[in-house]
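Take this structure first; my questions come after.
Labels for the chains are A, B and C, by order of writing; each one numbers its residues from 1.
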Amino acid sequence: MTQANQAINPRVTSPAEARIQQQSAADLASVLSKKPRTLWGDAWRRFRHHRVAMIGATVLLIFIIASIFGPILYKVNPEALDAVNLLSKPLTPGHLLGTDEIGHDLLARAFFGGRISIAVGFVAMLIAVSLGSLVGALAGFFGGKLDQLLMRTTDLFLSLPQLPLLLLTVYLFRDPVTKALGPEKGIFIIVVVMIGALAWMSTARIVRASFLSLKRKEFVEAAVGLGVNERSIMFRHILPNALSPIIVAATLEVGNAIITESTLSFLGVGFPPDTPTWGRLVTDGSQFLQAAPWLAIVPGVLIFLTVLSINFMGDGLRDALDPRQRQ
Amino acid sequence: MRKLRKLSAFHAISLIALLSMVITACVPATAPGGAPAAATPAAAAEAGSKVLKILYWQAPTILNPHQATGTKDFDAASVILEPLARYSEKDELIPYLAAEIPTLENGGVAKDGLSVTWKLKTGVKWSDGSDFTADDVVFTYTYCSTKETACVNTANYDPIKTVEAVDPNTVKITWKETNPDPYVSFVSYTGMIIQKKQFEKCAGATAITDKDCQAANLAPIGTGAYKLKEFKPGDVVTYVRNEAYRDVANVYFDTVEIKGGGDATSAARAVCETGEVDYAWNLQVQKAVLEPILAAGKCDAVAGGSFGVERLELNFSNPDPALGDKRSEPDQPHPAFSDLRVRQAINKAIDRKAIADQLYGPTGSPTCNIMVSPVAVNSPNTKCDRDVEGAKKLLDEAGWTVGSDGIREKDGKKLELLYQTSINPLRQGEQAIIKANLAEVGITANLKSVDAGVFFGGDPGNPDTLNKFYADLQMFTNSPSSPVAIGYLSGWLCSKVDSAENKWQAGNDQRYCNKDFDALYAKFVSELDPAKSNELAIQLNDFLINDVAVIPLINRVTPSGKLKNLEGPTYNTFDSNLWNIATWKRN
Amino acid sequence: MSQYILRRVLISIPTLLVISFIIFAVLALAPGDPLAQFAVNPAIPESTRQLIRQQLGIDQPWHIRYVKWVIAMFQGNWGFSFQTKAPVIDLIWQRLPQTLQVVGVAYILAILLAIPIGIISAVRQYSFFDQVATFFAFIGFSVPSFFTGLLLMLVFAIGLHWFPIVYSSTLEITNWSSFVLQIRQMTLPVAVLVVQQTAALTRFMRSSMLDNLPLEYVRTARAKGLAERVVVLRHVVTNSLIPVVTLIALGIPTIFAGAIITENLFRVNGLGQLLITAIQNSDTPVVMALTFIFAVLTVTFNLVADVLYGVLDPRVRYN
C-alpha cells in the first residue's frame, strides 16, 4: 500500500505521474524485450550486492548449519541430567553455556532447539504470509462480493479466541494427522499449519489495502490495456509494489511463530514436553531470571538474531524487487 | 471530499484518543447491580487504620462456599462465614459456632454411630444484628441437600438422614447408616453455615437464577470476625471488622483485603521482596525460584501438614491404541504391570531424593506413603530407597531382558511406556528426572503433557483425561479431604474401577482391583473407634505400597508466605488456611 | 460513500450472527471442564459435579445453549458466569475501566512514540539513531512480553522499589498523592505494552516513509526551494501516514481485548485477565461475551479503517 501514495499530493501530481508513466514504460519494455534479464534474475543480482542482506543471510546460514552439525561436534546428550551441576553458570567444565535446574546442558538443547525453531519460524511465516497475501490480493483486486466474503472471514479469524480454538484443533486433528504422517512429521505439520492459520489476517489486511490503491494506478491500467492476464497483473505487477509492508509483517511473524510454538507445546498441542525448542527454553528459563539469567537470555538472543537477520534479508529483498531501483 | 482528504493523520490520532476518553467516561463508576457499591477504599489506607493485605494468585469469584468453584472461594468465604467447628493446624477440632466438640465420651456422638448432637454457642449474632440459631444450621442442610441447588458440598451432607433443631441451641444429626466420621457435616470449609433469612428462597434452582440469590452468593451475611465491604469478583474482596462479632474486642485489623490474580512466583515476591502484602497464599513455585526469594529475609514460609501426595500411577489395564474401544478397559490386563516385579522395579528405579532436592526444596519431601496426614496415619512400616541394581535384577527375573538398543524387551515387545501428566513446569521437571531414571534400567518413557483443564476435566469425550488413562503412567497430586479418608481410599476398590460402562467416572482410574484390599476397606469404614480406625488406615496404606498399586513420590507442603511481623497464619491440611483469621495480628 | 457505509453496516449484522455461532461452536466443542479444580477431590465426587453441570446447563446440547445465549444477549445480561454465577455483563463493566486506562494509555503512547521515531529513522536511514531504533524495535518483537514484563519487574520493582507489582483496582484518585500512586502502578504494565506496540508501528512507519522519500513529488517539492523540514513533514509524512493510520484504526479493538499476559503479570484486573481466567476455568459464557464484543469491534473498526482509507487515499474506490 506504500508506493501507492506517491501521487496523492495534488501539488506534485503531474510530475509524479509523468515519472510513473516512464517507469511503467520501462517496466513494459523490459517485459517485452525478452532479454534473459528477468525480474527475479535482476532481483537476485541486486540482492547479492546488498551488504546488510548478505550479513543477515550469513548469520542465518550459520545458525542452520550449527543446528544441523552442532550436535555432531558438541557431543553432550540434551536429555542427560548432570546431578552435580544444577543451574551452573556458562563456561562450567563440560557445560559451555551452563545447565538448567535439573542439569540439562543448555548448549546441547539450544542446538536441538534450533532445528525445530528455525524450521517452525520459517515454514509458519511462509504459510501465514502466502495465505495472507493471497487472500488480501484477491480481496483487494477483485473487490465486491469476494472482498466482502474474504474480509468477513478475516474478521472471524481475528475474533476467534485462540486458546480454546487450539485445544479444539488438537482434540479434532492430532490423532488422525499423527497417524497419517507419523508422530514427528505429523506434529510439525500441525504446529506450523496452526500457527500459520492463526497469523495470516494482518498480512491479508495490509495486502488488500495496497491492492485497493495500486490497482487504480497507471502502470496497472496500462498492463490491463495491453491485455496482460489478471494473474500476471496481480502477482507480477502489483505484488512487487506491495512488498515492503509484507516484508515487515513477515519479519514480525518469524519471531512470533517461534514464541507461539512454545505456547502450543505448553498447551500440550505441540512437540512433547521434553523437546527443547527455543521458545520453550525462553519460557522455562524466564522463571529463573533472577537465579540463572542465562537460561532465558541465551535462547532469547538466538531468537532475536534470527528475527534480525531475516529482517535484514527482507530489506535486501525489498530493495532488490523494488521496480524503482531497476537500472 | 477534497477537504476531508487533507485530514492529517495527527487529526485522526487525536480523534482516536478523544474517542477512547469518551468511552472511558461513559463507563459507569460502579457495576449496575451485583456487588454492593464501593465506599472509599482509599480511606482504608488512612494513617492509623490497620489493613491486612492478602494475595491469592487465583482470585475469589464467589463468596457462598456452597457454590464455590475452587479453594480460593472457600478461603474468601471463611473470612465471613463459620462452620460449627474447624480443624486446627494440628488436625484437631476447635469449636466455632459449636459450644463444644461432641465425642463418644461427652455423649455427643451416639454409641451406635447413628447420630451426633451439637451444642451451639449462645448469643451469637449475624453481622446484620439478628440471632444465629439452630434453624440456620437446619436450613444450611436443606439448602445443600436440595438437589437443584447443586451444592458443591453435597457429598458431606449425603450421609445425613435428618437434621433437627432440638432447641435454638441444639442440633441433632441422624445418619442414614453407621457413620465412622461424625464430623463430616457442618465442619471445616465445607460446613460453613449460611443465614436462613438471607438464603431462604435460594434452596433449589433459584440458587443461581434468582436475582436476589445471585446477589447473596456474592455478599453473604456471616457470623465471623469480618463482614463484606466490597467484592469485585475475580479481582479483590474487601472486608471490615464485624462489630456484631462475639469477640470483636480481640479482632486486630480494621480492614482485610484479598487481592487475586497473577502467578505464584510474583505473589512470593510481593510478600518476600517488595513487602507490598502481608500474606501470600500457596507459593507453588520451583525450589530454584523460591529459595532466593525466601532468602530476601522479609518473610516467613508458613508450611506444615500436607498439601497432598504427588504420585505416579500405574495403569493396570492395557492402554495400547491398537485395542481400539477395548483400550484401557479393565478386562485388558497391562502387558508389563500385571507382574508385581515390574512394578517393584519401577518403584526402585525412581530417584525421589533428586526430585525433592532439585525441584521441590522447601515445598516437598520424599515419601513412601499414600496416606501422610494426620500424622497418626502416616505409616512407619514402608521403605522406598533407590536401588538401580535391584530394579535391573527384578526386570531380568520377570523376563524383560536388555535388547541390542539397550531397551528391555519380552516376546518381541519393547518396554516402552507412555507417561502423561498435567502441564506445570514442576511436573515437566519430574517427568525429565523419572524418564532418565527409567532409561537407566532399560525402560523408555515417552512424555506427554496435557492442559490441566483437560487432564483433570471429566469430559468423557476427551482422550486425554486422567480418568480415561490412555497411558501407562500418569502423575498428579491428591489427598484425603478429611482425617477419616473414606472417600480417598475408595479410589482403589474393585467396585470403583473406571471403564467405558461408567463413563470413566467411578473414581478408580488405575483400574486396580484386589479382593483382600476390598475386605480390609470394609473393616475400615465400619470402625467407630478413632485409634483402631487409624490403625486400619495404616494397614490399607501398607497394602497398596507393598503391592506397588501406586508409587508415592513427594509429600507436598506447599507453603504460604507471610511478613515477619504478621502473627497468626498456619498451614492447615483439612481446613482453610484462613481458618483463624479472627486472631491474626501484627506485632 | 454514505450508501457504502450503510450497506456495510447492514451486512455486518448477519455477519456477526454467523461469527457468534462459529465462536460458540468452538467454545462448546473445545475440551475443558469448569469443575476441573475439583476433579480428584474425594469430597466432591462425580455425582456432585454432574449436579453442578445440570445447574449450569452444560449438559444440554450446544445448539440449544446457543439459542439461549442469543436470547440472554438480547435481554442484556449476556448469560451468567460459571464462576460468579451472576450476570456476565456486571463483570465486564467492572473490568473495562482498568483495561481502558492501562492498555488505552499504552496504545496512545505507542502511537505518539512510533510516528516520530519512524520518521527520523527513515529520513536518516542507517544513521546511528536509525540503528538504535532498529535494535530496540527488534528487541520489542522478538522478546515475548512475559520476558520484558518479568525483567522490568525484577529491575524496577524488586531491585529499585520504584513501582509496585500488585495493581490495586480499589485505589480511588481523590488527591495528588493517590494520583501519583495510580501513575506508579500503571507505569510498568504500560511500559511493557508500549515497548511491544511501538516496535511494530515504528517499522511500518519507517518502511512507509522510505517508500515515499525517493518519489518524484518529493524531489519536486525540494526543487521548488521548500525547506527540507517542510518537505518531510508536510509532504512525505502526510502521505506515509495513510497506511499507518489504517493500521492504527485496525488495532483499536485489541485495546478492548486487553493485554492478556501483561495484565495477568501485574494483576491489572482488566478484560484480558478476565478472558484468560475464564478460558482457564472453561467459563464459557464469559469467554463468549468477551470474544463477541471483540468481534463486534473488529468488524466496526474494519469498516472505520476502510472508510478512513477511502477518505485519505482518493485512489481507493469501493463499489
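One rule holds in what follows: contacts are C-beta pairs under 8 Å (C-beta built on N, C-alpha and C of every residue); 3 or more make two chains touch, one makes a residue touch a chain.
Computed from a predicted model, the values in this text were never measured in an experiment.
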Next item on the list: Taking CA centroids for every chain, report which one is farthest away from chain B.
Entry: A
Margin query: For the interfaces B-C and A-B, which has the higher count of C-beta pairs in contact?
Written below: B-C
Note to self: Rounded to a whole Å, what is the gap between the Cα centroids of chain A and chain C?
What the structure shows: 22
Note to self: Distance between chain B and chain C based on Cα centroids, please, to the nearest Å.
What the structure shows: 35
Check: Once you find the CA centre of chain A and the CA centre of chain B, what distance in Å lies between them?
Finding: 44
Margin query: At least two partner chains per residue is the criterion; list those residues in chain A.
Written below: 167, 171, 290
Notebook entry, point to check: Mind pulling the chain B residues that touch 2 or more other chains?
Noted result: 451, 454, 462, 464
Note to self: Where in chain C do residues touch two or more of the other chains?
What the structure shows: 31-32, 238, 242, 314
Item checked: Residue numbers on chain B that touch chain A, as the complex places them -> 265, 286-289, 292-293, 354, 358-359, 423, 425, 428-429, 431-433, 435-436, 446-451, 454, 462-464
Next item on the list: Would you pull the chain C residues touching chain B in the complex into a rising list?
Entry: 31-49, 51-52, 54-56, 80-87, 89-91, 93-97, 100-101, 104, 107-108, 111-112, 115, 153, 157-158, 161, 164-166, 168-172, 174, 178, 237-238, 241-242, 244-245, 248-249, 252, 255, 264-267, 269, 273-274, 277, 280-282, 308, 311-312, 314
Check: Which bits of chain B are touching chain C when the two form their complex?
Finding: 1, 4-5, 7-9, 12-13, 16-17, 20, 23-24, 27-28, 31-35, 38, 40-42, 55, 59, 61-62, 67, 69-71, 147-156, 190, 205, 207-208, 214-215, 217-218, 230, 232-236, 238, 257, 259-263, 266, 269-270, 273-274, 276-277, 451-459, 461-462, 464, 466, 476-478, 480-482, 485-488, 490-491, 505-507
Margin query: Using the touch definition from the top, list the residues of chain C that touch chain A in their complex.
Written below: 11, 15, 18-19, 22-23, 26-27, 29-32, 138-139, 141-144, 146-147, 150-151, 154, 200, 203-204, 207-208, 210-212, 214-218, 220-221, 235, 238-240, 242-243, 246-247, 250, 253, 275, 279, 287, 290-292, 294-295, 298-299, 302, 305, 309, 313-319
Next item on the list: Can you check the complex and tell me which residues of chain A touch chain B?
Entry: 79-81, 83, 86-87, 101-104, 167, 171, 175, 266-268, 272-274, 284, 287-288, 290-292
